[in-house]
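In what follows, structures are represented as structure tokens.
What follows is chain A paired twice: with chain B in the first complex and chain C in the second.
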Partner chain A sequence: MKKIGKQTIKFENPVNILNTACIVGPKESDGPLAKYFDKCLEDEFWGESTWEKAESKIIKETVNTAIAKSNISQDKIDFCFAGDLLNQCISSSFGLRELNVPFYGIFGACSTFVEGLSLGSVFVESNVAEHVICCTSSHFCSAEKQFRFPLELGNQRPQSSQWTVTGSGVAILSKSGDGPFITHTTVGKIVDMGIKDANNMGAAMAPAALDTLLTHFKDTGRNPSYYDAILTGDLGYVGKEILIELSQSNGYNIKSNYNDCGVMIFDKDSQDTHSGGSGCACCGTVFSGYVYKMLREKKFKKVLLMATGALMNSTSSQQGESIPGIAHAVSIEI
Partner chain B sequence: MKKIGKQTIKFENPVNILNTACIVGPKESDGPLAKYFDKCLEDEFWGESTWEKAESKIIKETVNTAIAKSNISQDKIDFCFAGDLLNQCISSSFGLRELNVPFYGIFGACSTFVEGLSLGSVFVESNVAEHVICCTSSHFCSAEKQFRFPLELGNQRPQSSQWTVTGSGVAILSKSGDGPFITHTTVGKIVDMGIKDANNMGAAMAPAALDTLLTHFKDTGRNPSYYDAILTGDLGYVGKEILIELSQSNGYNIKSNYNDCGVMIFDKDSQDTHSGGSGCACCGTVFSGYVYKMLREKKFKKVLLMATGALMNSTSSQQGESIPGIAHAVSIEI
Partner chain C sequence: MDFWQNINWFLMLKCFIVGGLICIIGQILIDKTKLTPARILVAFVTIGAILGGLGIYQKLIDFAGCGATVPLTGFGNALAKGAIEEVGKSGILGAFIGGTKAASGGIAAAIFFGYIASLVSKPKMKKQ
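So, the complex of A and B:
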């Protein structure tokens, strides 16, 4: 393992992604990727009395599913990296309080899933861990309530707004196995270009995605064509177009092999999610469900997964602040 | 570097703490450790219009102070680990948005400072980083407003409540230098013993502190007497007494060399903080100010620093949930 360039770590013994799991809510279950998810819930409560408790149950059961699918016992997991969008990351800490595994709480907003893969890979590669588990969740109802308006108000949502994915994505990393493998991680810096519209997260996060993307290409000497797929976490339709344009003006054409998990998870015409999906679980479930299976079936051979996060809260918006963004990337190959 | 026992990482080339910095608010400046802090503020705003912006300024300037004291240029810092108590950790992301360093956001509530030292040490030891910076902050006014009641209400505080420290603590870790050195980290698990009183954090976090302390002794084969000082982050007077008792009933007498940063930072008789200090900056400033200087002056030779966090938010308390706790430890020697 060594640092190459300014922000990239190259794993000389690439880190195996042993298995993944994902559980999603009802809207995601009606989307085009439904068949790739481990479990599709019929409602947003899953038998719980509040959305926050439901989100905790979702991350807990997704972790249990990932462990079961991996055929390892829970006590073989050395460390857990987990975080979510709820204030003080309570979905993770309540959902995983019985996990009984050394726990590092992380917060990268919607970039959390890849932040976990990045940190977890360093731990596996440096031989302090045989297995690590990387977990994240989000929930449409708990996120709307916390970041925007009470759902009961029935507020109209602008066309640039995105739909927080209800679900959880979990990956177990290990020293050995037959791949897919994490070969590099490019760790993002905070980038703030002054966007203040909390209903246009795609525009706020696109500059951070560009920064990490360009840095990844410079650090590794690669071009967009190296990858079968370059996938951002949740820029949505608006942010995706901005990233394509910004990349083009910096000399990189990503049009043919680039997509965004927020664009992929919902159907644009029938599902009325405006600019697409968002939330920690957007990248988490699309990767853990669809992308991981494509890698295992060798339909993708080289993927750059780059999750983006908007590092704001409702108080900062009320105080007139702009929205700092961040993007973390991992390169995954079979 | 290798994992020993269940939760401990031993650094075979101990990680150097190159330098530290801390800035504190006015109440901390009236306390017994005032002379050890780099800067003592005269009010809670520091020229800003809101408490949140003031907290961001405090972490930003503490980072600048740490870098200046370390005699390294900012571009020599490979990674930043930072987090705080505000929803979505906005103190860190706004305060450090111009830092221009690859950024891992972390959340461990008041355990965040030691969580950063723990992760940062793994990065330095595994040779992917020459220098990392570990940062945290908290602010009495922004925390009271967010977690409890508007300050303007003038609510009476129960005797078990603690006073969130206004300030920031920052440490820069490096591969080389003359110490003090981080030799081990014991990574905590989430522990929830069912305490529900959000005005008695010490009682909620003490079982997690006990769990990490006992595990540290088992994993390393050490006893309490190995250390000149065992320091918890912010158990306060109530939690400190509980931890002493719980340790005693598990066969470890820590009475003679154990103290808590929340007990140390304020004067019990004159400062009316009830059960003592708390917040990410409690452990952060007491370590970065007082403890680090004691280590450099060889007045302490072996310190176990264990920060404790309560992983709840105001919604979870309103929904009748108990308070999960966590404690992360680092062993520091000269």
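So, the complex of A and C:
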């Protein structure tokens, strides 16, 4: 493991992604990627009395599914990295309080999944852990309540707003295995271009995504065509277009192999989510469900997964603060 | 039969158009500006109170009836009108008493029915 360039860590013994799991909510179950998910819920409460409890149950059951799928016992997992969007990350800490695994609670807003993969890889590569579990969750209803307006108010959503994905994505990293492998991680910087609209996260996060993307190419000496797919976490339709344009003006054409998880998870015409999906689980479920399977089937061989996060809270937006963005990337190859 | 014959269809039409126009203004503000719904609601109440205080809103009510009183601007108008009337009766203190007094029926009904609704219904994920 060594640092190359300004912000990138190269793993000399690439870290194996042993297995993944994901559970999604009802709207995601109607989307184009439904067949790749482990479990599709019909009810956003999943039998619980509150959305927060439902979200905790989703992350807990997804972790259990991932452990069961990877055929290792729970006590073989050395560390857990988890985070979500709710205040003080209660979905993760409440959902995983019975997991009995050393626990790091992390917050990177919607970039949490890749932040976890990045940190987990460092732990595995540095020989302090054999297995690390990285997980994240989000829930449309609990996120709307916290960041925008309670659903009881029946507010209309503006066209630039995105739909928080209900679900959880989990990946188990291990020292050895037959891939796919995490070979590099580029750790993002906080970038704030002064966007203040909490209903236009894509525009707020796109400059951060650009910064990490350009730095990744510079640090590794690669260019966009090296990858079969470059995927951002949740820029949505608005942010995706902005990133394509910004990259173009910086001399990188990513148009042909770039997509955004928020664009992929919902059908634009039939599901009317406005600007696409968002939330920690957006990148988490699309990777754990779709991308991981594509890598295992070798339909993708080289993927740059870059989760984007908006580092604001409801107080900061009520006080008129701008939204700082961040993007963390991992390069995954098989 | 008397009921149907006594309906003023022309007033109904005016009511529908004026009420609709006020709501269209709200919709345009939601779609085309960055104003949050909460701010738009407060603005509607304030505008209603100002127009009511100046006596302009009453003309709209005379013209369109419920088309002008039911939207939130009508609530603002009721606040202003109540305050002005109460000042006439009990002096300057009326400016603080009159508004809520005039609107008390609406406020209490909103709280009461809101509570009833919260007992019988459960919020769900929106379809879009």
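Please note the rule applied: the second predicted complex is superposed on the first by the 334 of 334 C-alpha atoms of A that agree within 3 Å, B and C clash if a C-alpha of one lies under 4 Å from a C-alpha of the other, contacts with A are read in each partner's own complex, and residues count from 1 in each chain.
Methods note: a residue touches a chain if its C-beta (ideal position, glycine included) is under 8 Å from a C-beta of that chain, and two chains touch if they have at least 3 such contacts.
Fair warning: this is a prediction, and the values are worked out from it, not measured in the lab.
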{"item": "Partner chain(s) touched by A:122 [first = chain B, second = chain C, both, neither]", "value": "first"}
{"item": "Which superposed partner A:315 touches (first chain B, second chain C, both, neither)", "value": "first"}
{"item": "Between chain B and chain C, more extensive residue contact with chain A", "value": "B"}
{"item": "Touched partner set for A:155, first chain B, second chain C, both or neither", "value": "second"}
{"item": "Touching partner for A:224 - first (chain B), second (chain C), both, neither", "value": "neither"}
{"item": "Touching partner for A:179 - first (chain B), second (chain C), both, neither", "value": "neither"}
{"item": "First (chain B), second (chain C), both or neither touched by A:100", "value": "first"}
{"item": "First, second, both or neither for A:32, with chain B first and chain C second", "value": "neither"}
{"item": "Which superposed partner A:1 touches (first chain B, second chain C, both, neither)", "value": "first"}
{"item": "Footprint overlap on chain A, where chain B in one structure and chain C in the other make contact", "value": "none"}
{"item": "Complex contacts: residues of chain C adjacent to chain A", "value": "30-31, 34, 37, 118, 123-126, 128"}
{"item": "In the complex with chain A, residue positions of chain B that touch it", "value": "1-3, 6-7, 9, 49-50, 52-53, 78-79, 83, 85-90, 93-94, 96-97, 99-109, 115, 118-119, 122-123, 125-129, 146, 187-192, 311-316, 319, 321, 324, 326"}
{"item": "Residues on chain A engaged by chain C in the complex (per definition of touch)", "value": "25-27, 44, 140-141, 149-153, 155-156, 158-159, 166, 197, 271-273"}
